[in-house]
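Both of the next two complexes hold chain A, though its partner changes from chain B to chain C.
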Partner chain A sequence: MLWVDKYRPKTLDHVMVHNDIAQNLKKLVTEHDCPHLLFYGPSGAGKKTLIMALLRQMFGPGAEKVKVENRAWKVDAGSRSIDLELTTLSSANHIEMTPSDAGFQDRYIVQEIIKEMAKNRPIDTKGKKGFKVLVLNDVDKLSREAQHSLRRTMEKYSAYCRLILCCNSSSRVTEAIRSRCLNVRINAPSQEQIVEVLQFIGKKEGLQLPPNFAARIAEKSNRNLRRAILSFETCRVQQYPFTDKQTISPMDWEEYISEIASDIMKEQSPKRLFQVRGKLYELLINCIPPEIILKRLLYELLRKLDAELKHEICHWAAYYEHRMRLGQKAIFHIEAFVAKFMSVYKSFLIATFG
Partner chain B sequence: MPKRNSVIVLSSDEEQETPKTRSYSSTRTKPKPKASSSGSRGRKKARVSSSGPRLSKLHEINLFDDDFNEVFTRSKVFAGTQQNIAEELWVDKYKPHSLEELSVHKKKVEEVKTWFEERLKPSKGVYRNNVLVVSGQAGVGKSAAIHVIASHLGAMVCGWNTPTPVIWQEHLYNSGTATKYTSKLDEFVSFVERIRKYGLIPTSFTGESKPSVIFLIDDLPMMHSKAALGRLKDCLHLLVHTTQIPTAILVTDYGNTDSADYNARSVEELKISLERSGACKVTFNPITVNSIKKFFCVNPDQVHSLSLPTRTPHALKEKSNKPVELDDGSPLYFGRDETVSLFHALGKFLHNKRETGVAAEYDQNGFLMQEIFSRLPLKMDVPEKILSQSHVQPGPVADFLHENVLDFLNDEAVEDAWILSSYLGDSDILLAKLRGMLSSHNEAESILQSAAASIAVRGVLFGNSQPISSRWHAIRRPKLWQVQKESSYHKNEMFRQRIPACNQLSSYHMSVMATEYMPMFKLLGNRVGSAYNELDQESAQNLDMEDFDTDKMSLDGEAMEISDDDIEDW
Partner chain C sequence: MAPIIQSTQPWVEKYRPKQVKDVAHQEEVVRVLTNTLETGSCPHMLFYGPPGTGKTTTALAIAHQLFGPELYKSRVLELNASDDRGINVVRTKIKDFAAVAVGTNQKKNGYPCPPYKIIVLDEADSMTEDAQNALRRTMETYSKVTRFFFICNYISRIIEPLASRCAKFRFKPLTEEIMSSRILYICKEEGIYLDAEGLSTLSTISQGDLRRAITYLQSAARLFGSSISSKDLISVSGIVPAEVVESLLKACKSGNFDLANKEVNNFIAEGYPVSQMLTQLFEAIVEENDISDEQKARISKKLGEADKCLVDGADEYLQLLGVVSITIQALCNMPEGFAYEG
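Let's look at the complex of A and B:
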């Protein structure tokens, strides 16, 4: 088992990073007054961990007995019926799913699953009707229609189920949903906190972890705890007695993007643009999300860029990122950004160096 | 339609004294009993609702409607029964009545005739094959020949009357009444089955001496799919083997030029299979100018009623020549317009040929544009026209342009590249808007689509401000498609991966898997052995290997595969 999974806190009491939030959640559960919840925060901050611990707090260890299912739905949508398939992770008391995987048909999923859950409510030992919990990941990636229907179903069936929503950015979740949930912001752990966690794991594993090295891992991880633990484990595999100077291997796709960035800086021509496109395709083939590619590319470019251009480039990156979300073929927009960058940078070079 | 019909019936009812409308309504209701029934219902309703002042208004509308319907019914009746039209069309009026009048080549007629003669002789059973396939282009006179020969031999032509097809909407309408949907093919198959087993039903001949019968299958049902084609083939094969009645099957050729058309191909296939199962085959050649001339020469007295008596048959031929555009000896073309192939169109857009010279530049009277926005006039049709001629979906057009356009840019023109890709992005956004819509917005959809295509094309034309002098470029197939396929493959792969890998409480999202776990798995490689259980390790390794292999292989393969031929089959 990976350390990430192995040392994931199982209960709210054991949570290391967001202890205050965990205590608040615990209070909510013990008071039997659990509202809908919306967890948001950057990737690797501990949203999932908290949700899992919360479920365990609600339903006891039974919540950990989950099964993975690939379920198919037949949805009646007016004149035609739509077949949908989605993987769900469910226990007796909760179902976890990522409806945005269903693409633009996500709203049917949301409606159907909630209706279905409402139909068969679990009954607890005292004969009291309980409720189920539905965990939805990536709510921010849901389409607007899906969010609206989610809002309606949320109201209609709030007696039968509780929703726990999880997303990176709450700004893409509609106000209507946000206002119906208790918003819980999970911020990224600070570097000190990450070091603390790494030290804890090192102690449990019986490893000698030099503090400087731990600090370097934490710094490299970009305040992403999951990443920090993962790279900690790789470092452990690559070379054990840790040294302060030990190399921390970066992600391959990140290196690739920085390569692309230096390509772009070196030459600005349609031909080069074409080569860059080939490399971007490579990344897309490996399922790196286009948003992350663009973000990382911007980061790499900014590092090498003259200060006076930074503002403009950021503006264009944001512009094309937005268009990418509107559109369908991400490559068109990433490429447009690269072309824009090339054009701006080239005229800048000509202006300064003649 | 039924709605409109009901209104008309109402009018004829209200206005007893106009015989004109009445007659129309009656002709209309005869061939379509269903329409009349719905009409009567409509009448009842209308009676209840219509009051004094509204009646006159209704009446007006109806008069207008009558005009409309006059045209409508006429065309309808023409297509159907041809009973109510006083003057027959010349096509019917001057139908050939004797063997000499046929414009088919004499030899062919003779061939067909002797074939039938042999089979109609009383000494039956000698011939194993009783099926004749007559093929030829539309309008050469296949069915006319069969009819004339039959009447010459004194035989009766029995044919399969194509039933009016049940339209899908109609079926939906009927679906409440539990009638089963039968396609034309179903009906045809059952008909052939009947013929094979029982021959023609004897009650249809009231005479004491049984006349000889020629069985004619005109208009084979359409085949949309392989399965339907196979079924039809089997059915005809059986027919060839077992039928006792001389049978003629008429097959219309669609010219050999466009073998891409699925229907034409399947017809070809049918013909071959029929021959293989032992049917005779006669091909009628296309009509030539001479034979048309001959036709008019043979019947000069029949044409004498033309308003221009001085016109010679030759002039007539000239006239008939024009609308159908026929050259000497060349076949008549029907139903196809000239199309520009996709690659032709793409070539035009990508090469972006423009007029040169200053004279052409400032044509646009009084409409001043900044210099950076003005372009030389295009040396081609309006881009939208080319697009519509090439019959392509806007999505693929954008993909193709995106894939290839950078090759056609000047090496210095990064700015152009940006403008181009921005426009392509615009068209992508427009196309993506479609995705959320349901199919009910058909019109909006098509407008959006054509707008998107237009933006993509014009963006490419506009953006490429300094087109390089044309040289040869192969047009590549969009790599994007390959990329999409592969990334979805990898996604599924990862999906399978993620289930064993995180059999823990949580499931990770795809992006986390792709950006954090997969690279780590790669780094950990096989040294993780003890770290997590074997299943995970195995699959992780597999994935790793597969990952690399497929990447390399498929990309190389793609690079080699790219050729013009390959493009054709997208």
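Let's look at the complex of A and C:
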């Protein structure tokens, strides 16, 4: 078992990083006054951990007995019927899914399936009327129509059904939904907090963890706790006992992008652009999300550039990322960014050195 | 559909005015509708205005007061955006309901019960244009037995032929006094202590939207118990604290790109919504005294573009970085446009 899963806090009491939030959530649940919740924050901050711990607090250990199902639905939409398939993760009391996986048909998922689920009211052994919890991931990726349909569903079935929504950026969730939920912001843990967690894991595993080394892992992780723990485990496999100077290997794709960045800086020509395209394809094939590639590329380029060019480059990065979102094929836009950079950089070089 | 426990009911529903005369701050509408209650005659209505000003409340209250609980089900059809509202629904469901004839004027249990039905179309601005067009004829044909109530935020999204068939009422944003009195009433009912500072914070952050104010109040009460300070309200509302905006602006003023970039990175890691940041940055910049009008214009232009991009789903980090970069350029009076554009 990976350390990330092994040391994931199971209950709200064991949560280390967002203890204040966890205690507030616990109070909500124990008072039986749980509203709809919207968790938002950067990845690796602990949204999912908190949600799982919260479910456990609500329903006891039963919430951890989940089964994965690939369910198919037939939705009747006027003259035609639509077949939908979606993977769900469910226990007796909760169902978790990612409705945005259904792509442009996510509206039907929200309108029909959630409605149908919300209508089935569970009754526990004591004959008490309970409520179900629906966990929806990535609500920020839902289409506007789907979000609109969600708002009414939330009000209509609020007596039997609680929604827990989870997303990265709450800008993309409509105001109507945000105003119907209790918004919980999960900030990324600070470096000190990450060090604390690493020390805790080290102690449990019986490892000697030098403080400087822990601090370096935390710094490299970019305030992402999951990443910090993963790279900690990788380092453990590579070399133990730890030394202060031990190298922390970066992710392959990051190294690859850094390579691309230095390629572009060295030569600006159509030939080089063609070579870079091959490398970009390689990254995309390995399922690195295009916006991550673009952001990382910008990060690498900004490190190498003169101050006067930085403004221009970050403008173009934002410009092409926006275009990428509107368009279909990511590769066009990343490549356009690379080409733009080459042209800007070349004219800068000519202007400076003649 | 009774809730499990009374307390789980949102306060917004609990304190929704049940009668037209209780609706705050919308005198014209209330006057017309009170008249309706007396005479029983009623035109088609179109309610428009910002969210949280009482449009849905008014429509539901008048329907309840006209028909009473018994007849309500058979006389009122309520449709909103979550019910599928394509052209098919207009052709079948709405038309069928509109076509049914009703009995003549007979008072029942003290309710006027006028001889027509009411169809309430909530969030009508999200109806497609085709569906709206299909409604035109239906409205006229069945005008003897059916009244339509359209409710929307933006009147410009209702097609002209529909709008011209209705009596239009604009709902004004609520003033601070009315909002405060309503909030204080709820606080008293729920046994919540809210100090004067908290009250003024609440009316600032909710910007005339009473529903939002009540929701914030309830969220804060759930999380922090019965004594609420203005800090608690800020934390549940998702507003970016003033210090954070201040420090980003300071980083921009320093003119150092790397420093500002670090500040943006931190901001994203803290998980604040960028769209909210843009709004607050805009306010901060407009109010700032030592920025010239030209600089303000330049920054505001970029803020607008970034906001549009965010709505399209662009990356938050890159957009905020773009805004910060332009702000630095404007504040340091760098020339506009790009020097090395190929």
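Here is the rule we go by: the second predicted complex is superposed on the first by the 352 of 354 C-alpha atoms of A that agree within 3 Å, B and C clash if a C-alpha of one lies under 4 Å from a C-alpha of the other, contacts with A are read in each partner's own complex, and residues count from 1 in each chain.
Just so we're on the same page, contacts are C-beta pairs under 8 Å (C-beta built on N, C-alpha and C of every residue); 3 or more make two chains touch, one makes a residue touch a chain.
Because the structure is predicted, anything quoted here is derived from the model rather than measured.
On the superposed chain A, the positions of chain B and chain C stay apart, so the two partners fit side by side. Between the Cα centres of chain B and chain C, as seen from that of chain A, there is an angle of 80°, stated in steps of 10. In the superposition on chain A, contact is made by A:Y281 with chain B only, not with chain C. Residue contacts after overlaying the shared chain place A:S343 against chain B and chain C alike. When both complexes are overlaid on chain A, the residue A:R172 reaches chain C alone and has no touch with chain B. Looking at the shared chain after the overlay, A:G41 reaches chain C, while chain B stays out of its contact range. Touch criterion met: A:L326 reaches chain B and chain C at once.
After overlaying the two complexes on the shared chain, residue contacts for A:T243 are found with neither chain B nor chain C. Using the contact criterion defined above for the overlaid structures, shared-chain residue A:N24 touches chain C, although it does not reach chain B.
In the superposed model, A:A318 makes contact with chain C only, not with chain B. Here chain B and chain C sit at a least CA-CA distance of 5 Å once the structures share a frame through chain A.
On chain A, the patch touched by chain B and the patch touched by chain C overlap at residues 77-78, 326, 340, 343, 346-347.
Residues 24, 27-28, 31-35, 40-42, 45, 77-79, 111, 129, 131, 148-153, 156, 158-160, 169-172, 175-176, 178-180, 182-183, 185-188, 222-223, 291, 294-295, 298, 302, 307-312, 314-315, 317-319, 321-322, 325-326, 340, 343-348, 351 of chain A are the ones that touch chain C when the two sit in their complex. Across the complex, chain B meets chain A through its residues 398-399, 402, 406-407, 409-418, 420-422, 424-425, 428-429, 431-432, 435-436, 438, 479-480, 483, 486-487, 490-491, 494-495, 499, 501-520, 522-524, 527-528, 531-533, 547, 551. Those residues of chain C whose C-beta lies close enough to touch chain A in the complex are 1-5, 7-8, 10, 51, 80-84, 86, 88, 123, 126, 211-212, 215, 218-219, 222-224, 235-238, 257-258, 261, 268-276, 306, 309-310, 312-319, 321-322, 325-326, 328-329, 334, 338-342. The part of chain A that touches chain B in the complex is made up of residues 1-2, 5, 8, 43-44, 48-49, 51-52, 55, 63-64, 66, 68, 77-78, 87, 89, 96, 98, 101, 104, 137-138, 143, 145, 224, 226-227, 230-231, 233-234, 237-238, 249, 251-253, 268-271, 273-274, 277-278, 281-282, 284-289, 292, 320, 323, 326-329, 331-333, 335-336, 339-340, 342-343, 346-347.
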